[in-house]
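In what follows, subunit A forms one complex with subunit B and a second complex with subunit C.
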Partner chain A sequence: MSLKNTLHNLKEKYKGKKMAPAFNALHTFLYMPNETTHSGSHVRAADDLKRTMNTVIMALIPVLFFGIFNTGYQHFAAIDAANNVAREFSLWGNFLTWDNFWLGAVQVVPIVIVSYGVGLAIEFLFAVIKGHEVEEGYLVTGMLVPLIVPVDTPLWMLAIAVAFGVVIGKEVFGGTGMNILNPALTIRAFLFFAYPTWMSGDKVWVHDAVNLAGTPDAISGETVLGYLAQNKDFSYSVSDMFFGFIPGSIGETSTLLILLGGLFLVFSKIASWRIMVSAVAGALVMAYIFNFAVDQEWISETSKFYGLMSLDGWKHLIVGGLAFGIVYMATDPVTGAQTNRGKWIYGFLIGFISIMIRAFNPAYPEGVFLAILLMNVFAPTIDHYVVRGNVKRRLKRLKNATIHPKSTDGKAEELKAETV
Partner chain B sequence: MGLLTKKDASLILDPLADNNPITIQVLGICSALAITAELKASIVMAISVVFVLGVGNVVISLMRNIIPSKIRIIVQLVVVATLVIIVDQVLKAFAYELSKTLAVFVGLIITNCIIMGRFEAFALGNGPWKSFLDGIGNALGYGLILIIVGFFRELLGSGTLLGFKVLGDPVEKTGLYATGYENNGFMIIPPAALIVVGIIIWVQRSRNKALIEDN
Partner chain C sequence: MSKDIRIKKGLSINLVGGAEQTTSKAVLSNVYAINLDDFHGITPKMLVKQGAEVKAGEALFYNKDREDMLFVSPVSGELIEIQRGARRKILTLKILADKTQEQLTHTALDVKTASAAAVKAHLLKVGCWPYIKQRPYDIVADPDSTPKAIFISGYGTAPLAADPDYVLQGKEAEMQAALTALGKCTPGKVHVSVGTNGNSPLAKLEGIELHKISGPHPAGLVGTQINKIDPINKGELVWTVAPQDLVMIGEALLKGVFNPERIVALVGSSVKKPKYYATKIGTEISTFLYASGVNEENIRVINGDVLTGAKSSPDGYLGFYNNTVSAIPEGDDYDFFGWNKPIFNKISSTRALTFSWLQPKKKYKLDTNTNGEHRAFVVTGQYEAVFPLDIYPMQLLKACMVKDLDEMEQLGLYEVAPEDFSLTEFICISKQPHQQIIREGLDLMYKEIG
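Here is the complex of A and B:
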C-alpha cells in the first residue's frame, strides 16, 4: 500500500479523535484529500489557502538564499573594513565563496527552524484544543519572521516572540483570517519593544559584531539608515543598496530580489498591486517633501533630521526594510484593506508614515513595521468609509435617475433604468 | 464562616473572582495600567483603595437617607476626596519614595470608576455593614488583579520582586542572567499591563463558561 493510501486509511481511524486536526494537517499538506463534497453549490478552484501560501513562500525563497549569502558576505566585509584591508572585488575570492554561504547557513537556518518549530507547535496545539483544522496561515509567517530579524537575534528571544505573536496576535482573535495585526510584524514589534538592544543600534546587523564589541577585533554593524540618522557618510554605492550588499535584517536588503518577488506575486494575483504602487507613491511623496524642506534650507545641516531628510527621495526605496515591508507585509490580504479604493489609501499612508518615522525617529530609523501595524489597525475603518461612500453615491444616483414607465419603453431602456 | 452569613460572605468573595471589578466589569483599568510596573506600588495602591472604598462605602451608607439625590454625586466626591487626601498625606509622611512612584495616581483614586460605581450601585441602597463588606470585597478584587499584574510585570520586566533581585544580577551576569537571559523591556511599558489583564480575562473565561457574553 502506498503512503497515500495508508494516510487515507489512517484518516478514517483518527476521525473524531482529539488528534484528528493535527493529523489532517499533515495529510492534506502531503496529498489531496480523497473526499468530495456532496451538497450545495461550490466553486472549483485550484488556489486554496495552501496554494496561496506556497506561492508567497516561493516568492520568499530567493530572498532567503540571498539573506544567507549576505550574512556571510557582510561579516567578512566588516572584518576586512575593521582591519583596513582594501577589498578588491574578486568573484571567487571574496564574493561567491563557500565561507560566505556556510557562515550564513549556520546562522540563518536555526532561526528558520525555531520560527517554524515554535509557531507550528502552537498552531497544532490550538487546533487540537479548539477541535478545528490546522490553518495554513503560519506557513508564510514562519518564513517572514527569519527574514525581518537581525541575524544575531538569540534564538530563545525569537521563540518567546513567536509564541507571543502567534497567541496574542492571531489565536486570540480566532486564528488565520481573523487577525487584526500581521502576525510576523507583531513578532517583530514584540522583539523590538522587549529587547531593544538586540533589535537596534550599530552592532546587531552584522554577524558577530555584538560579540566582538570592545575587543581589538571589533567590527561595525551599522546600517545605511543608521549612518544617515547620525549625519555620517557611508561607503555603500547605489548598486550595493539596490542589489542588497548592505547590512540589515536578514532578508530585507536586496531590493532587486524583493522587486522580482513582488512582480511574481502580482502576476500570480496573490498580492495587490494597488497597495504596492500606492505605498511606493506615498513613500516618494513624503521623501520629496523632506527634500523640498532641505532645499528651502528650513532644515540646517546640524539638525539631527538632516541626514535622512536630505537623502534623495528615491533612495529611500532601496535602503532599509521599506521594499520588503511593502511587498510582503503591507499586501497581507487578511490585515490590509479589502476594497480597491481602500487599498490605495491604505498603501499610500503606509509609505507616507514609514518615511516620516524614519526621519523623525533617529534613535531607531526604520519605521516600516510600525507604519504597517498602524495601518493594519485602521484598515477596517478605511474600508468602512469607502463602502459607506459608495452607498451614498449610489443612493444619490438613484435619486437623480429617471425611471421610465415600463409599458412605453423598449427592453433596452428598461434595463438601463434598472441598473442605476 | 461563623462571623458572616452566607450572603455576607458572598459580598466579599464574589468580586474576587466571578464578579471582579477589573476583569469582569472592566472598571479601574487606567490605574491598573499605570502603576503595576512594580509589585510594591501595586500592593500599596491595593491597600489604599481597600481603605478608601471600605470607609467610603460605610460613610455614604450612613448618610444615604439624608443625601438629596440631586447632589449625591457631589457629596460622594467630597467623601472620596477626603479619604484620598488622608491616604496621600500618610504616604507622603511614611513612604515618600513610593508616593513619588505612585505620583498622581493616588490622587486619581478619586476618579477610579470602581469607587463611584460601588457608592452608586451599593452604598446608597444598603446598610453600613453590608456596604462595608461590599467595599472591602470589590477593593480586594481590584487589588488582587493589580498584584497579579504587578507580580508578572516586575518579575519579567525588571527581574525583581519587591525590589529583590530574584533572578540574579543583570549587570554582573549572575543567576539566570549568566545563561544569556535578559529582562523583557516590553513588560515595563503600560501596554503590557493591558495584555496581562487580557490574558487573566481569557483564563478566567475559559475556566467559567458562564462569564462569556452572547453576541
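Here is the complex of A and C:
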C-alpha cells in the first residue's frame, strides 16, 4: 500500500481522537488534504495559509544563510581587528568561506532548532488541548526569531522567551489570527527586558566577544548604532552597511537581501507594499527632521544624541534592524492594520517612531521592535477610525433614503381608526 | 439614456467547458421536482396531498406567511412523493409527469392599463411571484412592499454561466411586458444593465434606465450594480429579478400561464460537449447531462454556476431559478506537497509560486478541492482587491460571525447577498465559508429586525 493510502487510513482511524490535530499537522505537511467544498463556492483558489507562510519563509532563507556566513566573518574580523591585522574584504576570499559557514552554522542552527522545537511543541500542545488544527502562524515566527536575536543568545533563554511569546503573545488570545502583538517581537521584547545584559551593549553582537571580554584576546562586539549612540567613529563603509558586512542581530544586517526579500513578498502579493513604503517614508521624515535640527545647530556636538541625529537620514535605513523590521515584521497581517488606508498610517508611524526611539533611547540604540509593538497595539484603533469613515459615508447617504411604507401599514392604520 | 459603469476590482475566472451557442431539445423527464431549498426563508403549506393529480401551473403549496403567494407545479401529473427531513421539514416535491400535458391557464393581463395591485395579484396567482427577490436579506419579495427601485442584470460575468444575450434572444416582447408591469410597482426606476457590446436584447426595451457595465466578475452581479447605481440604505428596499425569470413573468402576464420552459447552459470541464438545452424547471439533470456526455465518473454536479450554485447530482433536478448547470471533477484526492510546490494548473490571486498571473487568458480545469484547510482570518487586503462594493468585506464577515447586529448594519449588510461574497470566498486563503457566514448574518438580522 502506498504512503498516501496508509496515511489516509491512519487519518480515518484517528478521526475525533485527542491526538488527531497532531497527526493531521504532520499529514497535511506531506499531503494537501482531500477536503472538498461543502457550501458556497464549489471551486477555490490555489492559495492556502501554508503556501502563504511558505512564501515568507522563502524570502527569509537568503537572509538566514547570509547571517550564518556573517556570524563567522564578524568573529574572525573582530579577532583580526583586536590583533591589529589589516583585513581586506573579499567576498570569496574571506566571506563565503567554509570556516565562516561552519562557525556560523554551529551558532545559528541550534537557535533555529530551539526556536522551532519549543514553539511548535507549544502549538501542537494547544491544538491537542483545544481540539483545533495546528495553524501555520508559527512557521514564520519560528524563522523570524533566530534572525532578530544576538548570535550568542543562550539557548535556554531563547527557549523561555519562545514559550512566553507563544503562550502569552498568541495562544491566550486564541492562536493564529487572533493575537494582538507580533509573537516574534514579543519574544524579542521578553529577551530584551528579562536579560538586558545579553541583549544590548558592545559585546553581544559578535560571537565570543562576551566570553573573551577581560582577557588579552578581547574583541569588540559593537554595532554601528552603538558607535553612533556613543558619538564614536567607526570603520564601516556605506557599502558594508548596505550589503550587511557589519555586526548585528543574525539576520538584520544585509539591507540588500532584505530589500530583495521585500520585493519578492510584494511581487507575490503576500506582504503589503503600502506598509513597507509608508514605513520607509516615516523613517526618512523623522531622520531628516533630526538632520534639520542638527543643521540648525539646535543640537550641539557634545549632545549625546548628536551621533544618531546627525547621521544622514537615508543611512538610517541601512543600519540596525529597521529594514528587517519593516519588511518582515511590520507587514504581519494579523497584528498590523487591516484596512488599506490604515496600513498607510500604521506603516508611517512605525518608521517615524522607530527612528525617534533609536535616537532618544539611552539604553539601547534601536527602536524598530518597540515601535512595531507599539503600533500593533494601536492598529485596531487606526482601523476603527478608517472603518468609521465608511460607516459615516453610509449614514450620510441614509439622509436621502427613500423609504416607502408597506401597503399593509396603511391598511392597519385604517382598521385602527374604524375600531376606535 | 445609458450610463456607463466600469468595474475595476474583481477577478474573471476562466474555466474550461464554456457552453457552445447551440441549443438542443432535452429529452422529457419522467419525474419533475421542486426543491424547497430554492426558496430561502419560505415555510411551505401544502395545498395538495401526496398522490393527487395536478395540472401544469396548478398550485402545490403556498407561503405560510402569505396565503396568496402560490408555488405551482411545472408539469401536469401525479404528486408522487413529498420528501421530508428533520422535524418533518419538506425538502422536495416530486411529480410524475403525464404523457399529455394539461396546462392551467389564467386570463392574461393588459399590462398597459393594469394597476400595480393587479400586477402583483396576477403574479402571485400564476406562481411567478417567487421570481421577484428583494434586498435587504436576499429573499422572495414581500408583495406588500414598495421598492425604491428594481434592478435587473443582463450582464453575465460568473464563471461559465449562461450568456444572457444568447438565452434571451427573441424574448423581447415578454421582457418588455414584464418590465412595464414591474415598473408600476415602484415609484422609482427600473435599472437594467447590459454589457458594452450592445448585443443584449434588453438594451432596446422601453421604460427602463439602461446601464452599460464592463469589467471582471463580479461586475455582472446585481449586488455590485446596485452598489454603484443606487446603494441600499437602512429601511430601503429594492427588488431584483434575473433576466431569464423576467421572461417567465412576461409570459405569465401576456398569456396567463406559468411556462416552465427555459434554456439551460450545461457547462464545466467534466462535460464532453457543453452546450445549451431547452428544457423545463424541475427536470431531472440526467436527461441532458448524459446527452452531452461526461468525461469522468467522479463529478460534482452543480445547480447554477460554480461560485454560487447548489450541490446536486446527476439524478438531481434543475432548480427553480437556474439556467446553468455545471459539472466539474471532484477533488477528493491528496496532493503530495501540494502546499509548497509551484502551481501552474490552478487559479490564484497571488503570485506565491502560483503562476496563473502569467497567462490571464488561459482556461483552467478546477476541481472541488479546497486547496487547503479552514483557518482563522490571517491575510488582509486580499478581499478588497476583488470586492468592488464600498464595503469592508472582512470587517463585515467578522461582524456576522460574532453576531453584532449594530456593526452588521453599520458596515452595510443590508446591501449584500451571499453571492456578493462568492469571489472573496473563492480567493480566501483561510478557506472561510463566506457565503454561509453572510447568509446566517442576513437570517439573524431578518429575525431580529426584519
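FYI, the second predicted complex is superposed on the first by the 381 of 420 C-alpha atoms of A that agree within 3 Å, B and C clash if a C-alpha of one lies under 4 Å from a C-alpha of the other, contacts with A are read in each partner's own complex, and residues count from 1 in each chain.
Quick note on the criterion: a contact is a pair of C-beta atoms (placed from the backbone, for glycine too) under 8 Å apart; a residue touches a chain by one contact, two chains touch by 3 or more.
Predicted model, so just to flag it, every value in this text is computed and none were measured.
By the document's definition of touching, of the two partners only subunit C reaches A:V43; subunit B does not.
Look at A:K130: by the touch rule set out above, it reaches neither subunit B nor subunit C.
Once the two complexes are laid over each other on the shared chain, residue contacts for A:K232 go to neither subunit B nor subunit C. Between subunit B and subunit C, C contacts the larger number of subunit A residues.
Within the superposed three-chain model, A:V172 lies in touch with subunit B and out of touch with subunit C [touch as defined at top].
When both complexes are overlaid on chain A, the residue A:K15 reaches neither subunit B nor subunit C.
In the superposition on chain A, A:L30 makes contact with subunit C only, while subunit B stays out of contact range. By the touch criterion stated above, A:V334 is placed in contact with subunit C alone, subunit B being left untouched.
When both complexes are aligned on chain A by C-alpha atoms, no subunit A residue touches subunit B in the first and subunit C in the second. Remark: subunit C residues 13, 15, 142, 144-148, 159, 187-188, 231, 233-237, 300, 302, 306-309, 311, 326, 328, 330-340, 343, 346-354, 356, 366-382, 384, 390-392, 394-395, 410-412, 418, 421-422, 425-431, 433-436 touch subunit A in the complex. Remark: subunit A residues 154, 156-157, 160, 168, 172, 190, 193-198 touch subunit B in the complex. Interface residues of subunit B, counted against subunit A in their complex, comprise 180-182, 184-187, 189, 195, 198, 202. Taken in their complex, subunit A has these residues touching subunit C: 4, 7-8, 28-52, 54-55, 58, 133, 135-137, 174-178, 267-270, 272, 333-334, 336, 338-340, 343, 383, 387, 390-391, 393-395, 397-398, 400-408.
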